[in-house]
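Next, two complexes with chain A in common: one pairs it with chain B, the other with chain C.
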Partner chain A sequence: MLELSQGQQLALRQLNDIVANSNGVLEVLEPATESKSKGFIWIRLSLETKNYRTGNGLAFRDRERISLHLHPDFPFKKPDIYFTHTRFIGTPHVQWGNSICLYQSSEMEYDPSDGMFGFFDRVEQWVRAAGKGELDPDDAPLHPPVAYTTSSSRFVVRADTPTGIADNGIWIGRADLRKIRDDRFDLIGWTNLDDWGDADPGHPIAAAILFDKPLATEFPTKVNDLFKLVENEGLSFGLLYSLLKLFSLVGSEEEHAYFVLGAPMRRKAAGEPLRPHLTVWEIGPDTLKTLRAMVRSKGEDEAARDELVKWMVEAEVRWCSVLEDRPEIVIRRDGGTLLASLSGKRVVLLGCGALGSAVAEMVLRSGAAKLRLVDCGIVKPGILARQRYADSDIGSAKVNALQVHLQVIGLECVVTADNGNLANQALSRFDFKEWDLVIDATASASVTHRIEEELKAQNLPIPMLSMSVSAAAECGSLLVKMPQYSWGLHHIARQAKLEAFAKDTGHSLVKAFWPERETVKVFQPEPGCSAPTFIGSAADIDHHAAGLLNLGLSRIESLALDAASLDLVAAPWSRLDDSKRHRLSYTFKGYARHNEQRHCYAVLRSDVAALDMTAELKRITRTRSNKIETGGLIFGEIDDAHRVIWVDSVSGPPPDSTASETQFLCGTAGTKEFNAFKVAASGKSSRFIGIWHTHPISRGRPSQDDLHAMLALLHFQEFPPRQVVMLIVGYAATRREENYYLYRRNEFVLIAQHEEEDGGQQ
Partner chain B sequence: MSPPKIGLALSGGGSRAIAFHLGCLRALHDRGILDKVAVLSGVSGGSVIAALYAYSDEPFEAFACRVEAALSRGIVWGIARETFLSFELPKIVVATVLAGVAAILARTLQLMGWLLSLVQIQPKWLEPIAEQILDFAPRFASFTTAFERHLVRRYFGDRRMDAVGRRELSVVINAAELRTETAFRYGSVDSGCWRFGRLIETPRVATAVAASAAFPAFLPALDHYLTFTKYGVETKHRVIITDGGVYDNLGVSCMLPGRSSEFSTNAFPVDFIIACDAGQGMPSGARRPTFWMSRMLATVITIHRRTQTMTQNLLHRMAASGEIQGFLMPYLGQRDSALPVRPADLVSRDQVVDYPTNFNPMSKRSIDKLSKRGEQLTRCLVDTYAPEL
Partner chain C sequence: MFDEKCVYFWPVGTGDSTTFVVRPNEVVFQVDLRHSQKSEDEETDCAPVIDYLEEHLPKVDGMPYLSAFAITHPDKDHIQGFEELLERVTVGELWFSPRIFREHDDDPGSLGDDAMAFRDEAHRRVTATVKAGGDPGVGNRVRLVGWDDLLDEEHYQGFPLEFFSVPGDVVESLDGDDLSGEFRAFIHGPFKQGSDEDVGDRNDTSLAMQVVLGDDPSVGGVLLFGDHKYPGIRKIFDVTKAHGKEANLLWQVLLAPHHCSKSVMYQDEDGKEVLKQDILDDLGAYQVGAGYVVASANSIPASNKDGDNPPHAKAKARYQELATGGFVCTHDDGGYAEPLKFAVDGADIEYAETKSVENETSALAAAVSAARGSDATPSTKVGFGCSS
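Presenting the complex of A and B:
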């Protein structure tokens, strides 16, 4: 008595249900029988197929006999289904001549809860499509001919097969191999028989036969059947035998020989030519020895001949497993992603610390062509908590250790290491023409300053990303400089801060990156004056490194060429108060450049300041006349380190100002409060730095009155500034030109002394 | 980084609003923002100045002069002139008498029906007859139609809503329809309300402004039959259209994101909203609504204030959630102490806040003060919160 598992009983109950409701379309022919496989059972069925015949597809008879092979663990293991004949051999989705291939991925498509009902729905769909000849839509991946592996050798196929095979008959040649391990070869090239030459290729090789037509069946398990198959495909036994003999002489005594066999089976997309599916046949040293004996004896060695015949008739084929990596058929798993845009690109990475070491690996895996690592630090024990180094790296330079790690990953990216100090020389160590992207992961103020100085001499014509994390690694910050934005990271950070304070002051992301000075606690992990750093785990860092890199790449895709941006991003788990907005984004254009005329400072004037001036000019024209001088206060910053004057905004005239066609005297009413507001609103980055006024119809040169005004400002008030900027807008009524003059307090003292010595009047 | 689409809404508030908005527009003009406005929406007094600006192509200064002249002349005299020095008066008398008699008749019938229902008799024919009587005599002429005639003669002629004089500007004049209790929007693209559909005929600018500014306490509603189309079907409806401030006194509802033009007319979502509000702000607490009249008035004002506050709140939330990039609200009744930075020569709230919301002639002094406050507040807000606009 056949013993059925619970699942098989369920299957039979469901099957009987289907049969009972099928109006005779499905019949059970005989009771379930035991299978050779333990616990399995066979069920023989008859399916009415005459209505599925169309003349375009499979030539079904009126009824087809099919067999179900039921796993004891049904419904969690899907049934297998077979025709009881091999009339449909060579048809796609019929394997081994009779096995019906229903599912491309049973993991996704087969649902145990549907049991037999779902399974027979699928059978019905298959038979209908097969009857119409629609089983292979153009762009669907095809089932390659199966070869069950019996050898432990693995072949990784890296090189695309030679082109134009289908048109030129069978291709015979050699596959060029690289031996990685005893049981792994990489197939790295193909050489036609005609191009072989006499020289030793210098690396292992295998014979290669690429058929021009698809195989009718799967690859056989017997050597004998393989020879028959090859002959059927149009390659004579004689030629195959010659190849066997030839390749028996190639390797050394103890090694195997390999035959790469290919037949067209797959295409990557609709309309593309079919590409060969590859299998590798391994021939053992003993057989090779016999073949060599035959070659040497010119076929006279009787024992060897018997041995060989016996091998051909009886031996099983040893198939190796083939791991495909051919670009022509393999679709990259990261295709179309943001990171994939780095494929083939050349990337400079500044800083190989927490973010840097993680970013380096991602850049490498993207398929980048070149990666240059720059960092002058060494690996210390504490950093293993979150940086991608090993205990064995401790004490060595980070760049060298990381280079080794990346090389072990082994993708075709040229990784170079440079342990120069970026604070001394940053971007100027590169020829910009040779690189496509700079990623700054140093989070170092001195590097930022160095870059700012270097970019004064030469603009960086490629995009730059700069990433960092907040003190508790809860938030990440990303600056992007596009190629035509003329200033460096220092400048972007300043502009970004003004934007952030104007739009989102008080937001915890803003507070995280621009904290009040009093609340900052420096974290120094090692005793002594070790470099201060942030607190954060490997998980925190990987999250931010990946997120900020992707964000940066998406920004580069979308930003205008002359723009820069800042993104502040909170980690999803961060305990920020503002649960609604986890990302703040700011995009801006650079300030316009002018030159200061007395000390050769660069003046960077915002568009907003220009708008402010335009508005005031319109107002004065409206209320009085365009011949009347006007002006007001300038807010910004004078940076003596970079010799830059930033003009962020200007105000109109305070109400107690007096103005005429020849003179503008800037008042003071409300200016103190206004300045206090500007300082607070900009997080102390923008403050009163000077006075602007117009010369409606003359050049913007300082008059005697103007100098007196400067003198009064620098010397004759309670808290005089050390230096002030005077902006005179010349020809304000017609073609506006901006003239900037920086006056220092001590300069006026000198002038006074000088004049005294001269005995001059003024 | 494309420039944001800017919507400008001018609130209601009679001549006070017109003068205040004139200052706001000045500041926006100086700053070059006015030319960039894509959607201009006006309510009541705001719709008067919005239409004066939008339906002309004159330079800003000429426009400002015209507005100041209109303010010092006072619109009430225009209405009075149209009423008494034309054939409008007999029409108004006839319409008022007819509609009045009809109303008395209909209400009497309705009262009878109610009395009968007390003794369990409910004649079904009574109510339809009452409605027919009411529909028989719409109030086809009133002080509001005189107002409309004044606007035609003095300012807009026969100009239609689609004849905007400024480049690439969409205009919305907001009114309210009292039969369906919905917003009724006259627009440069289309006009109508969601219940009835879109108007077949493009209305006159003067009609739109008169309807939008028909403050219900002083002016009757515009009462007439109009032909609409909805889902391809044409129908005629009687509409009773009054001041847009009844529905949304800020005038921002047409420019909020998230409305679908499939249902609403005039859906113009924008990125940045400038809403000029000529409201008084915080009440002084001096009111003592003891009896019916003052109590009902206080009730209406309270409901009105609540919807205003909710609209402001909505703008804040939309800006916080990123649905709009931001908004500015120059607010006549703004508490001066809450300004980010107070200009030294600011026209303070106390100086202007008590100016009434009527259309009487306005003194030069008042015009200057109200408009200067609008200009100062607008400049201050732009400088502080949206200098890049």
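Presenting the complex of A and C:
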């Protein structure tokens, strides 16, 4: 008595349900029978196929017998299905002459919970398509032909086949190989017989024949049948035999020889021309020895001839496993993804630490053409917890160790290493024309400052990403600088901070990156003697590295060329209290640039500040006259390190100010409070830095009164500032011009001494 | 209708009526007949065969003229209306095997009126032929199919051999005309009574033959096995193969024996119905090109109950699996009350399909869907309660 597994019983119940509802279309011919495969059973069925026959596809009879081979672990293992005859041999999707290939990927397409029902739905679809001849429609990729592997050798095909094969008849030449292991070769090139030359190629080769017409969908298992097949396709036996003899002389005595056979039977996607499907035939050393004997005896060696004939008639073809990596037929698994946009690109990576070492591998795997690694650090033991280095790398330069790791992956990316100190020289060490993207993963303020300085001298015409994580690695930060945004990361960070404080002040993400001083705890891995860093695991870092890289690439796709952006992203597991918003995004353009006239500082004035001034000019015109001077306070930052004056915003005249056509007296009422507000609202990045006023109908040159005002501000207050910006808006009533002057307390005395002779100008 | 070389299978319910147009508008050969009064009423989808014959047969002396009529066996579903046929049509020659009447010898009443009419007419012609010592002339000709010992019997003594055939013979004449090159019938049965080949069932006494409207059996002809069942057909294949005459088994059209009975390929063995794959394999092996299996039977049900008479759904299914051209049924295919026509063009016998099947809704998909069941909420109210 046949014992059925629980799954097989389920299969029969489901099958019987279908049969009972099929009105005779599906019939079980006999009770299940035992299979030779342990635990499996056979179920023989008859399916009405009359209505699927159209004349264009498989020539179904009115009914077809089919057999199901049921695994004991059904439904978790799908049934195999066969025709009980081999009438459809040579048809795509009917393998071994009778095995029906129902699924391209049963993993995706077969649903155990739908069992026989889904399976027979699929059978129905298959039979319908087969009847119409639409199993391989023109607008879909082709199912490749089948050659049943019998050799243990593997070929990885890297090189696209030569072009123009279809037009020029059969292509004969050699496949250039690289031996990777005893049982693996990479096919790295093709050389036409005509281009062969006399020189030893210096690497292993295989004979290659690329037919111009499709061959059978199943490749022969007998040498004899293979000879017949290629002869039918127009390659004479004589020529094939000559090639065999020729290649028997190429390799060493103990090695196999290989024949690569191709026929246009593959298509990558809809509408694309057919490309060759490749198979590799392995010929053993004994056969080669016989062939050599034939060559050397000029065909006179009787024993060798007999041996050869026997081989041709009786031997099985040994097919090698072919693993395709040809761009012409293989669709990259990351096609269409954000990272895929780096394919063929040249990338500079600054910093090879936690984020950097992870990002480097992702860039490499994207198919990037070149990757430059820059870092001056060495591998230390503690970093193995989260950086992609090995114990054997400890003590080595990070860039060299990472370069080796990446090269081992074996992709066609040129990885170079540079262990220069970025804090000393950052971008200026590169010729920007040779690169497409800069990724800064240093999270280093000194590198940021260096870049900022370098960009004053030379614009960076390619996008730059800068990524970092928060102190507990719960949040990631990504800055993007597009090519026409004039300033560097330091500037972006400052602008971003103002935006963040203006729009999301108090948000945990903002606090994470711009904490109140007193809440910051510095983490030192070796207390007392190591550089502070962050706490975070390999998992934390990989998450942020991948996420920030993708985010950056999506930003590059969407940002205007003169824009910059900041994204702050909380990890999904982070314990931040603002759980509803795990990402804050800010996009902005650069401030308008002016030049400070006394110290050659750059002045960066926000659009908001310009609007504020315009509003005040309109107000004074409306309430009094456009001839009346006006002004107010300037808020921003004077950055002596980078010699930049930031003008973030301006106020109108304080309420106790007075103004006339010749004078503006800036009041003080409420200014202290207003400044305190500005300081707090900007996270201390923007504060009172000076005073602006107008010269309605004259140039914006400092007047005697203006200089007195500066003097008063810098010297005659209880707590005077060190330096003050004076903005004079010249010709304010007509064609506005902004004139910036920076006055320092210590130099003012000097100016005062020269006042009489030079009108205050040096 | 009879103006081209062809074969007609008439819709006559579950029974046989086959017409061979051997020479257009001249020589027509009919095998079996079933013509009922009912068929003359247009309400049924049975064809009034005699009406058609009367109308379309060539006329000789003002009478419709059928060159030859062969009876496979005298059951009603093969001979009904013969008496009327004789009245309305001149039949040049009759073919029969005396064996088919043997079992009725003791009880002549068991024969139907039409069978009696056939037997009487046949005997009349035998007598006339013996008396003539050769061709007895139009309307008196008869071809005997039997075994040599038949001629020892009193009634048949002196019967001329030119009108006598034994299984294994080839007949190339009809109604006294030599039709070599146009007509060829290879006689497969019945087997010799009491011989090793005799399988004893009444239906196995049927006349069985391969008819080719040409001279080359290897192109495949029309196989007519009457009401033979598995053992008889098995014997036919075995004996023919044993004699090296396989060409005479080749077919392009197979008239499903016994009106698509499953007894051809299912046998009762120890109370179990067993599929005899061997006969299906043989039938499949001797098919030439895209062969057709024809069921001369009422519409074939999707399934049968035990004990149902033919036609049998299971037999149809098995034929469908082996016929490359297809399976057709006189009452399921073709026009209403019109015969299935197979035109003979050189070596090819082609089915003139009158009904094209374009069925986009799949019965298999529907079966899967029905078996899987619906997940819709109830479409009618259902009541629940605690009262018994």
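As a convention for this text, the second predicted complex is superposed on the first by the 639 of 762 C-alpha atoms of A that agree within 3 Å, B and C clash if a C-alpha of one lies under 4 Å from a C-alpha of the other, contacts with A are read in each partner's own complex, and residues count from 1 in each chain.
By definition in this document, a contact is a pair of C-beta atoms (placed from the backbone, for glycine too) under 8 Å apart; a residue touches a chain by one contact, two chains touch by 3 or more.
Source: prediction; values computed, not measured.
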Using the superposition on chain A described above, determine whether A:Ala340 touches chain B (first), chain C (second), both, or neither. neither
Thinking of the overlay built on chain A, is A:Pro654 touched by chain B (first), by chain C (second), by both, or by neither? first
Contacts of A:Leu47 with chain B and chain C, given as first, second, both or neither: second
Which partner chains sit in contact with A:Ala59 here, chain B, chain C, both or neither? Use first/second/both/neither. second
Would you check which partner chain A:Val608 touches, where first means chain B only, second means chain C only, and both and neither mean what they say? first
Look at A:Met362 in the shared chain and tell me whether it touches chain B only, chain C only, both, or neither; answer first, second, both or neither. neither
Enumerate the contact residues on chain B facing chain A in the complex. 1, 26-27, 29-32, 61, 320-322, 326, 340-345, 379, 383-385, 387-388
Which bits of chain C are touching chain A when the two form their complex? 275, 302-303, 313-314, 317-324, 326-327, 357, 359, 362-368, 370-372
Residues of chain A defined as touching chain B within the complex: 502-503, 559-560, 563, 580-581, 587, 589, 607-608, 611-612, 614-616, 618-619, 622, 649, 651-652, 654-656, 669-670, 673-674, 677, 681
Per the touch rule above, chain A residues touching chain C in the complex are 14, 17-27, 29-30, 46-48, 50-51, 59, 61-65, 114, 117, 120-121, 123-124, 127-128
